[in-house]
Structure formats: C-alpha cells, structure tokens
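Labels for the chains are A, B, C and D, by order of writing; each one numbers its residues from 1.
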Amino acid sequence: MTELSIKTTTVSRADPTVWAQLFRRKLAMFGLGFIVLITLGAIFAPLIAPFAPDEQLFEGLTLQGAPMAPGGQFLFGTDLLGRDLFARVLYGARTSLIIGVVANGLALMIGTLIGVTAGYFRGWIGAVLMRFTDLMMAFPVLLLAICLAAIFQPSLWIVAMVIAFVNWVQTARVVYTETSALAEREFIAAEKTLGAGTLRILFRHILPHLVPMIIVWGTLGISTTVLLEATLSYLGVGVQPPTPSWGNIIFENQTYFQAAPWLVFIPGAMILLLALSFNLLGDALRDILDPTQRGMR
Amino acid sequence: MLAYLIRRLVQTALILVGVSFVTFLLLYVLPADPVRQIAGRSATAQTVENIRHQLGLDQPFIVQYANYFSGLVQGDFGRSYLQKTEVGALIASRLPATLLLMLGAIFCELLIGLTLGSIAAIKRGKWIDQLLMVFSFAAVSAPQFVVGLLALYIFAVKLGWFPIGGYGTFAHLVLPSLTLGIMGSGWYSRMMRSSMVDVLRADFIRTARAKGLTRWRVLGRHALPNAILPIIAMIGIDIGLFMSGIVVVESVFGWPGIGQLAWQAIQRVDIPIIMGVTMVSATAIVLGNLLADLITPFIDPRIKLR
Amino acid sequence: QDYTPDPNAVDGGGIIVTYKDDVATLDPAIGYDWQNWSMIKSLFDGLMDYIPGTTDLRPGLAESYEISEDGMTFTFKLRQGVKFHNGREMTAEDVKYSLDRVTNPETMSPGAGFFGMIAGYDAMADGSADSLSGVTVIDPYTVEIKLSRPDATFLHVMALNFSSVVPKEAVDEYGADFGKHPVGTGAFKLADWTIGQKLVFEKNADYWRDGVPYLDSITFEVGQEPIVALLRLQQGEVDVPGDGIPPAKFQEVMSDPAQAERVVVGGQLHTGYITLNVTMPPFDNVEVRRAVNMAINKERITQIINGRAEPATQPLPPSMPGYTTDYEGYAFDPEAAKAMLAEAGLGDGFATELYVMNTDPNPRIAQAIQQDLKAIGVDVAIKSLAQANVIEAGGTEGGAPMIWSGGMAWIADFPDPSNFYGPILGCAGAIEGGWNWSWYCNPELDAMAAEADSITDPAMIEARLQKWSDVYMKVMEDAPWVPVFNESRYTMKSERMGGDDALYVDPVSIPVNYDYVYVTE
Amino acid sequence: MSAQAQTTPGAVAAPGIATGPEAGAPVLTVDGLTISVRQDGGEAVLVDNLSFALGRGETLALAGESGSGKSLTSLAIMGLLAPGLRVSGGAVRLRDTDLTALPESALRGLRGNRVAMIFQEPMTSLNPILTIGAQLTEAIRAHEPVSKSDARVRALEALKAVRLSQPEKRMTQYPHELSGGMRQRVMIAMALALEPDVLIADEPTTALDVTVQREVLDLLRDLQREHGTAIILITHDMGVVAEMADRVVILKQGQMVEVAPVRDLFAAPKKQYTRDLLAAVPRLGDGSSAQALPEPVSQTPIASLSEVKVRFDIRGGILSRVTHRVHAVENVGFNVYPGETFSLVGESGCGKSTIAKALVGLVPHLGRIELNGHVLGGLSAQDQKALRRDVQIVFQDPMAALDPRMRVGDLVAEPLLIHGIGSSESRRATARELFDRVGLSPDWIDRYPHEFSGGQRQRICIARALALRPKLIICDESVSALDVSVQARVLDLLKSLQADFGVSYLFISHDMAVVENISDRIAVMYLGQIVEMGTRAQVFGNPQHSYTKRLIEAVPVPDPSFERPLRPRLTGDIPSPIYSLGEQPERLLLKNIGDGHLVAVG
C-alpha cells in the first residue's frame, strides 16, 4: 500500500504557492467567493431569510392569484403560492448543493474509477465493466425513479444516491476512451518497466491527465444533476413540496416563464453561477497545479 | 475486427436481454396497476379481474416475462393496453421522426460545440474564451422547456422564420434540433476546448505549423482529429441523454416522435409500450456505443480493438 | 323539435383543434379519455343523446322509446335509413351487437360496468354467455331491453359513448385495430389519421340529422404543448385549444379584452375534493374529519388557481340535478377546527400524508392544503406522484390517508347525481383496487341510493332528486371528503368560430360540440 | 558583432558552392538574439545575445553543450517557440525581412517554403493518428499546387531518398509502428521534399546508424548543391560537424563561445571550452586501449536469449485483417553476463529497440528470454516486480518516456518509491545526487519534462534507470543526444557503476566510436537477425560480415581534413523485414570462427 502514500509530497510542496497563486486570479476568486457565499447562505438561511421558505404569504399574491415581481418587500419576488422566492432560493441551496456537489461528485468518482479501470485493463475486465456501463445507460432511469418513489419514503439522500447511481455512466465512457488512448502512450510503458503497480499507474500517471476532462464533466454535471434532481423529485423520489430546491423551483414554474420570469431565471442563474464558479475554481487550480500549462496565460 | 464485432454483437444481445428483464421486473413490482388504468373508474371488480385474466397479468412473473420474451425474439412487441394497437407499428410510425430529430440535434451539437470549443481553445484566456465558457454553462443549465419556448417565441412568432411547431419540412426541423442540441453543445464545447488545449500544445502541432500549413489545415487536419476522441465517445452517450430531453422538445414543437409516446405510456402504465420504447432506445444506445468504439481505432490507430 | 338550430349558421369550412396527448383510440367501447370522448361522440351515435349545450336527454338513433309500467323494459324504435359510414343501413341487430360487444369481457371495455342493470349482464361478465339475454331484436327497427333491476340512470347509460352503435363487419374486419379505423353513424367520419400528428374528420354528408354538421372538416393536431397551442391560437393558426387555457397564460389572456372576449366560461360536472381515509386513524374519528373540513381555506385555493373555480360545499357540483342549494357546507374556521381536534384528544395535532398527482397546479393546491392544516396543528407530508401511483395508493387499504383528487377528479360520465356516488362513495368502491379512496362505506346510504335509483317514473323525478340530495347531505355529515372547489370551464376559440356559447361549454361534449359549431368565414 | 558574412570554402564534399555568386549575401542573419522564459518571479534568459549569419549554400554547425540553447535558437528562427518562451531581444532576418516582427500569417507562408526544420524528437513531432504518407504529401501540397497523386509520387521519392525500406508500405503506416531511426528519416524526408532556402536540422541523425547517416548527409549535400540550400546543422557529433560544416558556432549555456570556419576550429580552437569539447570526442580505435575486463566465462548470464522472435501484424482492408507481418526480431540469441557491457549495433529498424522492449516485457515474444534466472512470461506479480528492480531500461525517445505531468525529481525518485526504498527525504536526496551525477543541476528537480532540452531529458531517463542500482540496464540510444563532453561524463559514470557494483549493460547505439569505447562484446544486427557477434577486439579488429565492414567504414571522422574514399552510393532495393502472411525470412546460421566470434554464413 505504499502506492498511494506519495500523494502528499508534491501537493504539500506546492501548497503555499497554490493559495498565493489563487489569490492572484480574479476569476477564480470570484468563483470561490460565490461558492462560499452560497454555502454560508445555505447554512445560515434561517438567520438571513426574511420569511420562512414555505410560508404562503397573504400579501405574496395579488387578488387574481398572480405572484409579486422582485423588488419592494420581496427581494426576488414571490412564487405562485405567494412564498418569498429569496427565502426559497436560500433554503433551496441546501438541497442543490448536496445534489450538485455531493451526488454529482460521487457519480464523477464512480465513473472515473470504472472508466479508468476499464480503459487501462481493456481485456475482459474492460469488457465486463463497459458492458455494464452500456446496460446502465440503456436502463430506463425514470422508471426506476417511479418505482423507488413508490417503495421508499422520498428523501434527499435517496435522490442523491439515485443520481450517483445512474449518472456515472457518461463519465465512465468518456474516461474509458481517454484512458485507452493514454494507456498506449510510451511513458506508461516506461512506468511499467520501473515496476510501478497498477494502482500507481492509474492514479499517479493516468488520472492527472484526465483532470481537465474531469473538471469539465464535474462542473457541467452540477447543472445537469441539479436539474435532474427536480425531475426525479417530481416523480416522487426526492424532496417533496414544500421543500425547495433550485431545480424544483424552475421545474414547477417553467411554464410561467413569461408571466413571472423571475421564478425561472433567478434559480436558473444560481445554478449557472454555481457551476461556473466551480469551473473557474477548478480551471484555476488545474492551471496552477498542472505544469504543462505554466506560462500560458 | 470481425471477431470483435461478433463478440460485441453477442454482448449487445445479452445486454438487451438484461435490460428487458430488469425493465419488465420493475414494471411488475411497480405499485401501479395497468389493469385499473384500462378498466377505468366505473369498472366493477369482476371487470377488473376479467381484464387481468385476458392480459395474462394474473400469471406468475416468470411466465409473463417468458411470454413477452418469446414474442420479442419473434419481433412481436405485443399490443398496447390502452390503444390496443400493435406496439411495433406504433413505434415504427414514430421512430423516423425521433431519429430525424436526434440526427438534427447531433448535427447542431457538433457544429456549435466543436466550433465554439475550438475557438475557445485557440483564444484560451482571452475574453472570447470566457464568454464562450459562460455560454456553455448557460446552455447546460437552461431548462429545455424554456429554451424551446423562447426559441419558438423569438424565431417563429416574432420573426416568423420558422413554423410554430409541427413536422414535415426542413424548416420544421431547425428549432427542435437546436433546442435539443443546445445543451449538448455546451458539453461538447467544453470537452472540445479541454482536449483541444492539450492537443495544441503537442509537438506535432509545432511540426504541422513548421510545414507552413494554413491555420485551417493545422486545426482541421491535425488538431481536431486528435482532440475529437473523447467527443466520439460522447455521441453514443448522447442518444441516452436525448431520451429524457426529447419528451419536452417533442411536446413543445409538436414533434410526432417516440418521446411523447413513451411519456404517456409511463403515466398510464401501458406496459407493452414502455417495454417497446425501452427496448428500442436501449438498442439505439448500445449500438451507438458500439459504433463509437468501432470508430475510435480509425481515429487513433494506437488503440486496438480487443 | 328539442333544439332550434342557429339561424346564422353557415355551412362549410374547417377548424383546427389541438391536444397535448395523442388520441389513444376511437373505439367507442374503449375510449374513455376526456379528449377522445367528444371525438367519439361526433363519429358515433347511441340510442340516446343530449340536447346540445345542455344536460337534457333526447332520443338519438332511437326515434322513440317506451318504458314498461315497472320501469324494467325499454322498447326502442329505431330511426330508419340511418347509414353507417360504410354505407350500410343501421338496424336493430347492430344495436344488439354493440351492446353485446361492449359487455363482452374480451373487449375489455372500461365501460362494461355501466351496463350492470341489463338482464343477462352477469352471465356476460363471468363469461358464461356471449350475448345479453336482456336485449332482444323485435324487428329490424325495434329493440327491447330488459333490466334486471329498476334503474333511473338507464337512459343516460344509453347516451354514453360506450353504448354507441357499431357495424359488426367493420369490427370484424379491423379486429383490435377498430379503434384506429372507426366506422359509425356520426356527423363526422374519420378521413385521415397520421399517428402522433393529426386526425382529420370530414363531414358525413349522409348524416341522419338534417342540417348538421356545419363544418366540412375538423383537424385535430395532437402532441402540442398547451402553451404553444395558445400561441398558435393567438397567431390565428388554431381555432380551439383542446386543453384549454394553460394556467401560465390565464392571466395574460384574461387581462387582454380582445382575447378575453373569445373565452367562454361555463360550469362543468366537476368537483375537486380531498379524501380522508376513514379506515386510518385519526380519520376514523368523524370529529377529526369535520375539523379538517373546517380548516381548509377554499377561497385561498381558488385564488391560487386564478379564480377558475367556485368553492364547493358538497360532493355534487352546482349544475348537477340534485344539488342542495341551501346547504352552506363546513365554514372555514380554523379556531373551531382546532378546538374540535382538542376535543377529539388531538390537541397537539398529528402527522399524516397527502397524496397528490404531480401535474401543475395540483402540487400547489396540495401545498396550500398543507399550510391550512398546519394552522390547526396537523403536519402533512406531501407525496406528489405520477397519476397511476396515486390511484394505486388510493385503492390500497391503508395506502393513503389523504388524497387530493385534482387531475384525477371526478368529472361525471353523465349528468345524474348517482354518478357521484357508487364507485367513489359507496361500499362497492371501498374495496382493494376500488375508487372509493376514503374507504367510506355506509350500508344505510347504499340502501338509500339503490332506492333512489329504482325510482324510474319520470313523474317522480323530484322525489328521486330529493333522495339523492339527502344521501349527499348524510355524506357531508360523516365528512369522508373535503369538497374543495368546482372547477369552471374556460374554453377559448378563434375569432371566426360561431355558434352559441353553450356549445363551447357543452357539459357532455368537451371542449366543443363539434356537430353544431360553425365558422363564419 | 562577432558574426561576419564571410564564408570559407573548404567543405569536403561540396567545394564549389560556398564560392558561388551569392555566397556573399547572407540568407539568414541572427542578430543579438535573446530568448527568455517567463517564470514566477520575472524572466530568465535562456539564450543570450546570439549572432551569426548564414550564406547561401552554406552549412553552419551549431554545436555545444546539451541545453545550451541550440534547439531554442532554431525554434526562434521558425517563430515556433513554446508559449511562455519569447524572443526578448534581437532580430532574425531572412534576407531583409525580420522574422521576429512578422505576424503569424506572414510567417506561415515562409515556413516550410523558405525555412524548414527537422525536429529533434521525432516520436512526438509526428502526428500519431495520421499515416506517414498523409503527413508527407500534405507538406508538399501545402506549398506547391500539385495533385494528390503527384504529391504522393514525390513523397515516395523522398522516402526512398532517405533509404526507408518498402516506402509504399511505410506510407500507410503510423508513426508508432516505425522504429526511432525510421521516424527521424520521415522527418528528414518531409523537410527535404520542401526544398527550402534554409534548412534547420536539429540533431537529424542521432537515431540513425552510421550507414544511413552517411546516406542522409550525402542527401543534404545534394540538396545544397542543387538548390543552394543553406543549412543550420545542430549536432553534437563532431565527426558530422567535421564532414559537413563550413563554419561552426560553439554554444555554452546560452552564449556563443566561439565561431570559426570548421578547419580553423578543429586545428586551433581558441577557447578552453572548445578545446575540452574536442578532446572529449571519442574516436574509433580509442577503445582498444581500454583495459580488458575479466572473462565472464564461468558465470551464469544475467540475461539469456535464445531463439527470440518478435513479429508485428500489419492489417489492411476494411475488415482489418492481418495481411503482412513485420518480422522485427528473428531467432536472436545471446547472453549478457554480470558486469559486462554488451552492445547491439545495426541498421536503423533492424529490431534493436524491439529486443530491448521484449526484454522488459513490453512486446510479446516467441522463444525464451531468461532474466536473472527467471523465464519471462508467466511470472507472478511479485516476481515480476522484483525482476523489474533488477532490469531497467532507458528508452530511445526520452520525451515520450517521461510523464509530462510529473516533476522530474519525482520521476527520478519514483522507482525508489515503487520499491519502497528510503524515506521521502532520502529519496529526494538521491534524486538530487543522481541529477548531479548525470550533469544536471540538482536545483532543477522541481521542473517538468517539457522545460528541458533533448539531451537533458535523456539524462533524466538515465538518472531514473540508475536510481534502483539494477543488475542490468538496457540503454537504447541513451547518449545519442548528448554533446561529447557530457557524453564522456555519462559514459564514465556508467563505467564506474559497473566497476563498483558489477552492473551489466545492454547498450544499443549507432555511434560506433562510443560502442567501441564502452563494450566488451558486440552483436551486429541486420534485418532482425544477428549477423556477427564477438568481443570488441574481434568485431572491430576483424570484421567478417560485409555489413559490419560497411558499418565501420561509414563512421564519420572528426577531422575536417580527412578525405573520405569515394564509395558508390547505395542504390537498389532496400531490404525490409516485412513479409506477407506465410512467408518467412531466410534463417541465417552463425558460424564460430574462433574464440566465440560468430559470423553469419551466406
């Protein structure tokens, strides 16, 4: 198990400068700032939010039952039940962060692991893993969701698990293709002749080359999983009304995007910014940690 | 190669059997009774039992599956519970529209994604790169329903360039393809950028430039094919991802595809249709992946099919 | 005659109607969606019919009918010279064949249960007979139908789509695909059906009613998102959006006078309600059920759906005969409700679940209900699921404590008070897989209902309706339901559409009675 | 300004050119060129104020220490410096145009057409997913409006000119299917086909055996004669410098040490560095003076090969069926004993690297390979790992063999880590020490591979192989890119390790002088088979096989005044190891002609 223990050496050596370099990058700092802001907002939502997220305010609806536009008493306006959208977005961040970061991260990890293994070994291990991936991809996810919804009590963790369980397949496939190309490179052969174990080759030599792609999948995955959560919740697997999530706010209100655009565009912008922030941060970290990019800005 | 192909086709068949079994099982345990959907709200218990018997739904699971499966291998998808029509015919009548839409979407994705991704990679770190990054993320974060309606509103209603939904001519195809493809184009452009950045650094690009090749040739002939490898893998995936988006896009644009059929069937537990659509889309996905795997060695000769 | 044709009506022209969902079938024995219901009505005819725009019965393919003294035998005299779309004349044999077909288990008709009062039905249902013994062909133009029990709703049943007369040879020819190749006697015939895209009906020139239909053709475009359909209506591409005005567009339409003018409002035979499962504690306590009834703010809920409904007081909708006009229902009074709960020993409230179908606006309504109940200390968890799952939970004993009926709600099959009782409030429905989701079973009321339905004498109609009124008042006392609102129908039409407004909110032909509307240009 | 436009006639093979009408006007002038790299805290200068001029038809040799900035200078001329590097001062003029000031679009028109370049590392410089043919024809068509088929014909000619066997077949192959020398010849063919005004050749013959090198050099001279091409030749091989160059620029650490006509330089070097450099040049015949090692008779071999065969499939057709086979290695057998240096020499593409790869299990082989008593194949993971500790290989193409995303220090320390040796500090210390021993600054261990020069990378690979102190090191052209002084140093290092620890070497090289210098025994390979094998004295002193003789004759002599006896240029079919399915090369039988000196008969 000496294979993995090296990890710290390089990182720690670069560590002091990573932060310093990060601080010099405006965009990365913007990303970090937004992530921190949203996380704090989610944690301290009860202190910040002017109303409870599920309180259907009498003054939140016009007499005809129309929601209030942003501004005035309601910062982000109100939704179709007269609830304060600002409060809902704040509380919704809790769900969406868990889905976008945890579930998506888990899916990414599983996918990478399976993809790398299959791509490196090819042969029957690769065949088995990739055919399993095919199977999962071909599998009707919505149906599974409907089934789970009826069997389990809906909960955030179930939907997170479902997302992690079904969303790794795409990553796995792409990682697989990349890895099988990498595995043919000469430096991997060189590593083998040094006696490097499989784990070491996979984690120290192949994985770093996949990092840019993993950043792409990971950050774009934030958006898609947050939206997927809404679909699954809609079918009854995940959070149930009135618990807000950015995805379900959009989902519930998307037909009203002309009558009450704020109901779709504000949570939409949040998702976009969250994914973008992670991307900016990830890109910056990659630039800093990845030597081959040095001096390219 | 031939041996590989045969092996993969056998595996494909096995996967499809697996998918059919699991889906059938899911539908079996699904706490929603198709018979009650058929019988309707005024039915007596007797009627319900009659129908259940007629459809063979009172038999043990294994028997039901065996019956379905034996039909399947003979190309018989069964009859819809609610429409009473042959599922095969229903799917066949809608499949062309869906395939057309998917092709259109893939075309849009590739066109937009590869172009923007390449531009971003070339202009790495410039403002246009950042702008394109925001575009990609917006494309991925935007709910397709809203994108579709906005597109319809702007290009069909306000500008009148395209018909407001419908099916038939090329003009009908443009907006739905674009809507379905826009999300993928976000993915593709990010993927493309990332792999292009890598490739542009390679020594052989330097060689190509040293030959004095035009910019287009360096990009098109040397950088693109090297960068496109992960993209190829995505096309197989896309077919799977489309299956979820297609429901929305089809209904916004009134596109007579398979998505709407599937959605209605799911809601009403019309098992033969659900099974049929699942099998067809599973086949498409698995074959799409197979195709991607077959193409890769042609693009990167270092990879060998094993 | 029973109906005066519109003097301004002009012949010719075609209209375009859109729907989101595809049309499953046009087989009258099978079609039971609200969208193919009116299409089938235009393609087929039954012995009985309704006066357009009303809930009043009139003879259809039957020229006249006679009822025996005991109300157990009906003798229908058929119209002569009525031709099927295939050119053959319709005879009494066809009537008998059609009734046999719909009650034959092999047909798997969801409407078979309606025919339970016809003699010989039971033998059909259990498969021991292949023909209804109660239906006899007297001569080519006379059919006699014997009942096994007196039933006042029988004539309404004869007006149902399920009773439509179909030609045997066409059914035999197409077999299970008859639903895609319908042949009837209706005002329109199917000209073209492009699956998943559109259906074209064309005028039946040989139609047996004189003067109608006016339209040359109707095109149904399916698979069209309601919002887009409305957009197309605003562009003048569509004449009637079959799914109505989508909630998201409702205010926009109503606030524009030019558009609002083209909206026709009418009642429909609909009630939205919450079922309270009387077999599950604490709803087995009538006090708790009453308290819940008093806790729901129906005004607010109607506000949420943009005022497209009237608060309801009882199971029956106001336009239904037998509606109790002077009944106030449970008043909205959270304080009293709270007190009542305390009395029932639930002063600290309790936790329960509310099942709801997951299409807008139902989850929203459920959330409003949730908030109302929270105010009296009841903690409601919402389970928002696909329709089939909700129906399943409702039909499972102990499956769902509360269900909001929206989206699956009871729209009457025919305008008779009995239609709101049997399957959804009677003991017959309180079974595994049944539709009585509150599992409310009161044998006493069942007896009353049977009694009311056995009053077949037209002269006694008032007495019958009073009986029904009593039944529903008793139901309200036991409070297995919270009737929430009666939804109104808002139909929008294009500028060129003509015809009486009543035709656009026809209670039995939704959205439009195609046979009588016309276009002005 | 030290550079003058004057040229001195006197190049051996092309006496007429330098005095040609245009000789006076420089084609290319490099004027005060300074190249710097952006680093964390500012800029560091890599090439400092370099000036020289190149006349028409002239050959200018850039020689000097590995890492002195030769490659950077040539890249700067092409305008192809990697991002992060930039020309921070001076100018490069092609006739009158200042290339450093030209926009990319204008440069593009000049590249390939007027100035062409042969890159140092051929593996990474060829597009891995395009066939050789595609890459060649494309270069031709980029500048001349010829049809595809014409371009193909010319590409074929170019491949034939560099003496690549079966050029038609090669056209359809991919870079990774060619041997190192073949790739290099493809690069040369590409540049030659363009017939540019100025050709920059960065170590063009490092991977070529001397006979082919000879051909290629002749070819360059032909080009020069026919088209008046001016050549900048970067090489560390003083023999090549002596034979080819008109003038020589000596570089050290980014600075010009000396510039002089070739004869003057060799005859009377002015600077100490130049003198050292020349003194370090290995000469054929020197090796015989080295002391002979004890006879390794009684010992068991550390590596033993018998009847080893390696074949590669070539697929064709839509179904990718195997149509041909490369018989890369055929029935090779030899032993390497502990403490011995065994050299493999032979024509480029004859299977040397393939044997090396088979020894470390990277290509599947037939026959028997025994390493340290274990038969290769079917070993347990543990045994395999242990074996890997004992046998190390230094790959031919150093850039491709280093993980581009790891710091070189980590790369060098990695074998220790893999085998669980030492603590992280001690490993780091070892890495620093190894860097020092191969002549690299220990301060560079936190850099990444792409930040080094070709020769430096080669040394990193050597350092990595040494880290474990293995029993057998396979060196595949491992000193080919090193300048002579560093080369001498590295060779000394290898020898001292051998003396101290009894390390054995399997040494693959095309540089006969080096081979003679270092080897105990030598095997000469030709087309996958061994044609002659014996001790150094036997092979160099008494070459029997015609190919061996040719090889020794072709060695360039580091003396500009040396007159090479005229020999007919090689013509006719170039033998190739590719056979159709079912065909086999004829098996050569080795005959012992005394004292274990084996020679192929027939």
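Heads up, the rule we're going with is that a residue touches a chain if its C-beta (ideal position, glycine included) is under 8 Å from a C-beta of that chain, and two chains touch if they have at least 3 such contacts.
Just so it is clear, the model here is predicted, and its values are computed rather than measured.
Compare each chain's C-alpha centroid with the centroid of every protein C-alpha atom shown, and the nearest one belongs to B. Contact count check for B-D and B-C (C-beta pairs in contact): higher for B-C. With centres set at the average Cα position, the gap from chain B to chain D is 50 Å.
The distance from the centre of chain B to the centre of chain C, with each centre set as the mean of the Cα atoms, comes to 38 Å. If you average the CA atoms of chain C and of chain D, the two centres end up 88 Å from each other.
Note on chain placement: the centre of chain A and the centre of chain B lie 22 Å apart, centres being C-alpha means.
Contacts with at least two other chains are made by residues 146, 150, 184, 255, 257-258, 292, 296 of chain A. Shared interface positions of chain D, defined as residues touching 2 or more other chains, are 83, 176. Listed for chain C are residues 227, 386, 389, 392-393, each touching two or more other chains. The touching residues of chain C, counted against chain A in their complex, run 227, 246-249, 251-252, 300, 303-307, 358, 360-361, 363-364, 366-368, 370-371, 381-386, 389, 392-393.
Chain C meets chain B in the complex at residues 18, 20-22, 24-25, 27, 30, 32, 105-106, 108, 110-114, 116, 125-127, 176-177, 179-180, 194-197, 221, 223-225, 227-228, 231-232, 235, 237, 386-389, 391-393, 395-396, 410, 413, 422-424, 428, 431, 433-435. In the complex of the two chains, the chain B residues touching chain D come out as 1-2, 201-204, 206-215, 217, 221-222, 225-226, 299-302.
Residues 37-40, 83-85, 123, 176, 357, 360-362, 384-385, 388-389, 391-393, 395, 397, 400-407, 410, 414-415, 417-420, 424, 446-448, 450-451, 464, 468 of chain D are the ones that touch chain A when the two sit in their complex. For chain B in complex with chain A, the touching residues are 11-12, 14-16, 18-19, 22-23, 26-27, 29-32, 124-125, 130, 133-134, 136-138, 140-143, 145-146, 149-150, 153, 186-187, 190-191, 193-195, 197-198, 201, 229-230, 232-234, 236-237, 240-241, 244, 266, 274, 278, 281-283, 285-286, 289, 292, 296, 300, 302-303, 306.
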